[in-house]
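What follows is a group of structures, each given as structure tokens.
Note that chain A is present in both complexes that follow, paired respectively with chain B and with chain C.
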Partner chain A sequence: MSEDYRSMWQSLGLDLVAHDALLGVLGKFYQDIYLAQNNRPEGMGYFDFVMSEVHGLRIKELLDEKKAGRKIIGTYCVFVPEEIALAGNATMVGLCAGADFATEEVEKILPRNTCALIKSTFGFKLGKVCPYLEASDMIVGENTCDGKKKAYESLGPLVSNLYVMDIPQMKSDQGRALLKAEYQRFKQAVEKLTGVTIDPPRLKAAIETVNNKRKAIHRLSKLRQADPAPISGLDALLANQVFFYDNPQRFTDSVNKICDELEKRVAEKQGVFPSGTPRILMSGCPMAVPNWKLPWIVETSGAVIVGEESCVGERGTRNLVSTSGNTVDELMDAIVDRYFQVDCAIFTPNPDRLNHVEEMVKAYKADGVIHYGLQFCAPYLMESIPVAKALEEKKIPTLRIETDYSMEDVGQLKTRVEAFIEMLR
Partner chain B sequence: MRCAGIDIGSRAIKLAVVQNKAIAEYRQTDTGYDPMAAARRLLEGLFYDCILATGYGRGQFEVDFDAPTVTEIKAHAAGARFFFPEAVTVLDIGGQDSKAIAMNTVGKVVKFEMNDRCAAGTGKFLEIMARSLGFNLEQFASEALLAEKDIQINSMCTVFAESEVTSLVARGENRRNIALGLHKSVVRRAAGMLRRVSNDGPVVFSGGVAKNRCMQRLMEDTLQQPILTAKDPQMTGAIGAALLAGDRIGG
Partner chain C sequence: MSEDYRSMWQSLGLDLVAHDALLGVLGKFYQDIYLAQNNRPEGMGYFDFVMSEVHGLRIKELLDEKKAGRKIIGTYCVFVPEEIALAGNATMVGLCAGADFATEEVEKILPRNTCALIKSTFGFKLGKVCPYLEASDMIVGENTCDGKKKAYESLGPLVSNLYVMDIPQMKSDQGRALLKAEYQRFKQAVEKLTGVTIDPPRLKAAIETVNNKRKAIHRLSKLRQADPAPISGLDALLANQVFFYDNPQRFTDSVNKICDELEKRVAEKQGVFPSGTPRILMSGCPMAVPNWKLPWIVETSGAVIVGEESCVGERGTRNLVSTSGNTVDELMDAIVDRYFQVDCAIFTPNPDRLNHVEEMVKAYKADGVIHYGLQFCAPYLMESIPVAKALEEKKIPTLRIETDYSMEDVGQLKTRVEAFIEMLR
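== the complex of A and B ==
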């Protein structure tokens, strides 16, 4: 990254030394994991560029938007509707939570037995290394799991602009009513932040923008049903990760461009790995940049990942918002309908998620499922046992992995993943 | 056709050569600080047509010796079936990990579990506990078998268990009883892992820890069934690897 950005980072209050170290590690990681892959689609060049500029050009764009009067809203969860932010003339970005940072400082505020994702959120704040967070005019926390819910109480004093959204825990009428009330409250908060009144044309346009982004990902996912798989799981995961950062229109165009290329590959029966390579469905906790450890292990152990049942994946991107409504209330209802289907493990009971895993196994012709649970993530770890049991009863081989962001267990994970892949052959 | 299997474990490197479905040669050495040099020495003067590696050092062996690899899981399953063709369940406790493996009736792995990242409940744990009681490994097992009662050991973490042992010794507890308690704590954990992957069929106990007679006895008591142990259970992975090397080239 060029020197031009240093003054920008400084103006955001980043710790330049720590930030350099972070970018150094990220760059090396990307080189070793992404650029070392073979047969990558040419269109991935766009994402290589995005990653090389993830704290550079994209931040500059956001700051330019701010200068022009636009507001930036940072989020940590797929339950925060981007449609409402966009309709209020704000840009929404996912905030950094995929790497360990400033762990000692974090453990002064959070218990050690907190999941890596939450710890990372704090590490990026305390270590002053997340330009997205520092550029945000509003940071939205959401009451999903207990860990996040309580952690936002501790994050509040560290930032000046935390907004907390409540999230239901049951798929009941009352649960839906709560989500609707919270989305309306969020709409008002966005309107207050930006001074823009959200009207039907604005909301409809925003819904279409986000729907198009999702449609591009749906198209990409469908192409991964082919054998041989035309794109690696790592590359597809990256597209799903960049979904949270990039300019929506440009993201949609770039993913569609890759899909054009992949369509040709599929027609010519070309793949990123040979036909017959064992196919894995990943299911479980979200993987934020640069948490590529497990997919990297899987795809360097003789298998290909063909789908992600994850918030950074199909759980987060499936289902579109209906655009048939004409009033703000009708469109808001359509938004609530779409988001209320997200089958996060914070819901109880949560049978839709298991059904979705089974649907994905069929659709993507997966030979086995790897359930990825972050250590100390009670909702997903608890669910992993009945999910694995139900899948095994249907003769779908399943491997449960519990890990964190550190690299110390790579050797052991590799043995388990390789043994699982041997089982599938 | 002579096919070799090399199992590069955390504590020892085991080598077996199989010819006409029979064991032609066994070799073993300490892994030490330079596993590839140790492997090279172990292979000196050995004649073989094909070789396949397993164990935690397999990745490096693959690079240095241009040899195929399989995981310890697959190798131990194959090795266990060589000794006991009726086996469907394997419990392997090695130097730094432990695993339970369930196979179908033709010997294909259908489910497995491995211990998590630390060495709790493995050979390394027993080795350190033996040392803290002033026993060598053989005494550790034979003395434990002579215990009059067992003392519950609560820590599975090697570091915490060691301080627990120190305080029990300081309290004047008989070290035989402590030794039995330590063995039992490993057995409880291993039996739990085994029961999670399989609930039936003959169980083969493999890996270096299977040589421990107290472990064998306690495992039989806990599982309430006879345990099958090969004459040299530590070689199970290497033999499995040698057999799989043969399968690959149709030998």
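== the complex of A and C ==
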């Protein structure tokens, strides 16, 4: 890393020693998990570059944007509409974190029995190692699960700019009204932050920008229906992860470029693994960078992941926002309509999710489902039991995994995953 | 127990063998914890009788009410307004359970990392040992914590009559609108269940009935401000627990009768423990019958509990519903206003709770606070950290306890509690 970056990190208040340690681990992890893969599409070179510069060039870009008068909005959830941020001349970045950090400090603020994702978020703040968080002009929390909802009360005093968005728990008329009111309040907050009034052309353009990101991911997903799979689940997951960080236009172009390449592969029946490799659909909790443990175990155990039913995956990217409206209110309604379809386990009941898992199994010709539950994530762990039962009743083999970010259970998980994959052959 | 009860239990579908075992344990527990106390008010004889007949006479009464055309509504939370049930000619009973039962069966349906209260509820259903649940014509779940919200999805298929009420997460205008809409929907559901149209006189009478229960508890609480405390925390907790089961009028009369007796005790400076005994405020998760473990440890370790900041306690019973309205809509608004003040940790932010704890410490002259967190109860465990910190900053000694319903940690808890109490002397 160049000295420029070091002074940049210092200016953001990062702990350089701790941050060096984090980047060291991340680089090693990336090397061992990503670069060790075979038959990767050339287009993944872009994402390798993104990851090598994830705390470098991208942060510099964000700081340059700030200098030019743009604002940065950091978020923790797919319920925060990027359309509204972009329309208000702000850049949105994901802040969720996928690695344990400063755990001892974290457990002074959060109960030990808190999910690793939330703990990680706090660890990155307390350990001063997240330049995205420090570069954000506004940090948006949201009332999804109990863990996040209550954790934001403790995050508030640690940052100066936390904004909390309420989220409904039921897909009722009242629930939709609440979401709409909250998106309108968020729009006002963004306008206040940036000084930009969101008008129909701005909002429509932003909707198209985000739709285009999603369309590129849809195109990538569709290509994964092929056997042999033209891209690994790990690489596709990375694209879904970078969805939350990268410049939207460049992201769209980069994914489409990979898709051009994958189309050729599919036409030539080339793949990352041999034809007939057992195909896995992952379903469950989101996986933030660098939480690649379970996909890595799966894809080094004789299977290929062909889809992610996850916030970092198809739950997060499916469904476009309609651009048919002409007024801000019509376009805002279209945004509400789109996000209100997200079938997160925080909703009760949440039958769409099971339907979606079944659709994905069919579309991606999955041989089995691995449900990924983060330990202490009550919504997904609870929902996983009836979901797995329903899938098994439809003769879709399903393995429920409950884990955290530590590497201590890798051996045990590998044994279970291998046995499951063996059964699918 | 008479043979009449056995045939009654059988007609409700209870597992008689398992139920006998449960009553045996409960009876022994009551003997060891309650009847072993000294200096109990005579009026507690009524509650001893209630407990000895908790699955007998009270169930017979409910079944007699059913025969006479009333309906029984079972609930799991203080957010379900008893006023609406009573106004619709229904009797409301609490269904939460405070003992582990059929754990192995439960863990096929719920994750192991689910709080003991929810697991117990399922255990009582799966083990067929809860006559209240089986006697209910309608079972009301509510979207409070993630655990309950998602567990009701799995309870639904186990019962034939589950109704789920949505609850807001923020005390915003939208949150209040949601609660009001849900209370109106509940009113309609009760009317449909009972065939009774809720009119202003019925609703006002029901409000007065429930207010009177609360006023009796307020009177009891106020008497606990005296030193020496005229009643043990265990006995006061029992009154708060029976609040959810008993005939409302009889409950009110019985509590008032105890208060008459306690007034004399206070005048004569008589108490259950010597004057100067360290005084504890309990704060945190609700304690359902027979979850008396922690209060029993506290009161056998040299302290007296003078208040419960809990749903089964002052969080649940404080604030009356205004009876000044004359229309159903005005009275419903008064009900919403009252319940919207409940400072459950599911709300974010929830500053009223800390204020209430501080008020209670002052009013009941508590020397310290013991925060009771059920293991895996994210809302209370998370909130307990900033609450305890704020209390300590105000020089109010606070001990955070995290436990479940098992007796395995009694020794360990007793050591911690004794050390805390020693510090207060």
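Convention: the second predicted complex is superposed on the first by the 424 of 425 C-alpha atoms of A that agree within 3 Å, B and C clash if a C-alpha of one lies under 4 Å from a C-alpha of the other, contacts with A are read in each partner's own complex, and residues count from 1 in each chain.
Assume a contact is a pair of C-beta atoms (placed from the backbone, for glycine too) under 8 Å apart; a residue touches a chain by one contact, two chains touch by 3 or more.
Note that the structure is a prediction, hence the values are computed from the model and not measured.
K.L.:
Would you check which partner chain A:I385 touches, where first means chain B only, second means chain C only, and both and neither mean what they say?
P.N.:
So A:I385 only meets chain C here.
K.L.:
Between chain B (first) and chain C (second), which does A:Q249 come into contact with in this model arrangement: first, second, both, or neither?
P.N.:
Touch status of A:Q249: no partner.
K.L.:
In the overlay, answer first, second, both or neither for which of chain B and chain C A:G411 touches.
P.N.:
Once the two structures are laid over each other on A, A:G411 reaches chain B alone.
K.L.:
Quick check for you: in the superposed arrangement, does A:A177 touch first (chain B), second (chain C), both or neither?
P.N.:
Second partner only, chain C.
K.L.:
Taking the superposition as given, does A:S154 touch the first partner, chain B, the second, chain C, both, or neither?
P.N.:
In the superposition, A:S154 touches chain C alone.
K.L.:
So, A:T114: does it touch chain B (first), chain C (second), both, or neither?
P.N.:
The answer is second: A:T114 touches chain C but not chain B.
K.L.:
With both complexes superposed on chain A, which partner does A:M423 reach: first (chain B), second (chain C), both or neither?
P.N.:
So A:M423 only meets chain B here.
K.L.:
With both complexes superposed on chain A, which partner does A:T348 reach: first (chain B), second (chain C), both or neither?
P.N.:
In the superposed model, A:T348 contacts chain C only, not chain B.
K.L.:
List the residues of chain A that touch chain B in one complex and chain C in the other.
P.N.:
Residues 402 of chain A touch both chain B and chain C.
K.L.:
Would you tell me which residues of chain C are touching chain A in their complex?
P.N.:
108-111, 113-114, 143, 145-147, 149-154, 164, 166-170, 172, 174-175, 177-178, 181-182, 345-346, 348-350, 373, 375-376, 378-379, 381-386, 402
K.L.:
How about chain A: which of its residues touch chain B in the complex?
P.N.:
Those in contact with chain B are residues 392, 397, 402, 408-409, 411-412, 414-416, 418-419, 422-423.
K.L.:
Which chain B residues qualify as touching chain A in the complex?
P.N.:
56, 59, 70-74, 97, 108-112, 114, 116-117
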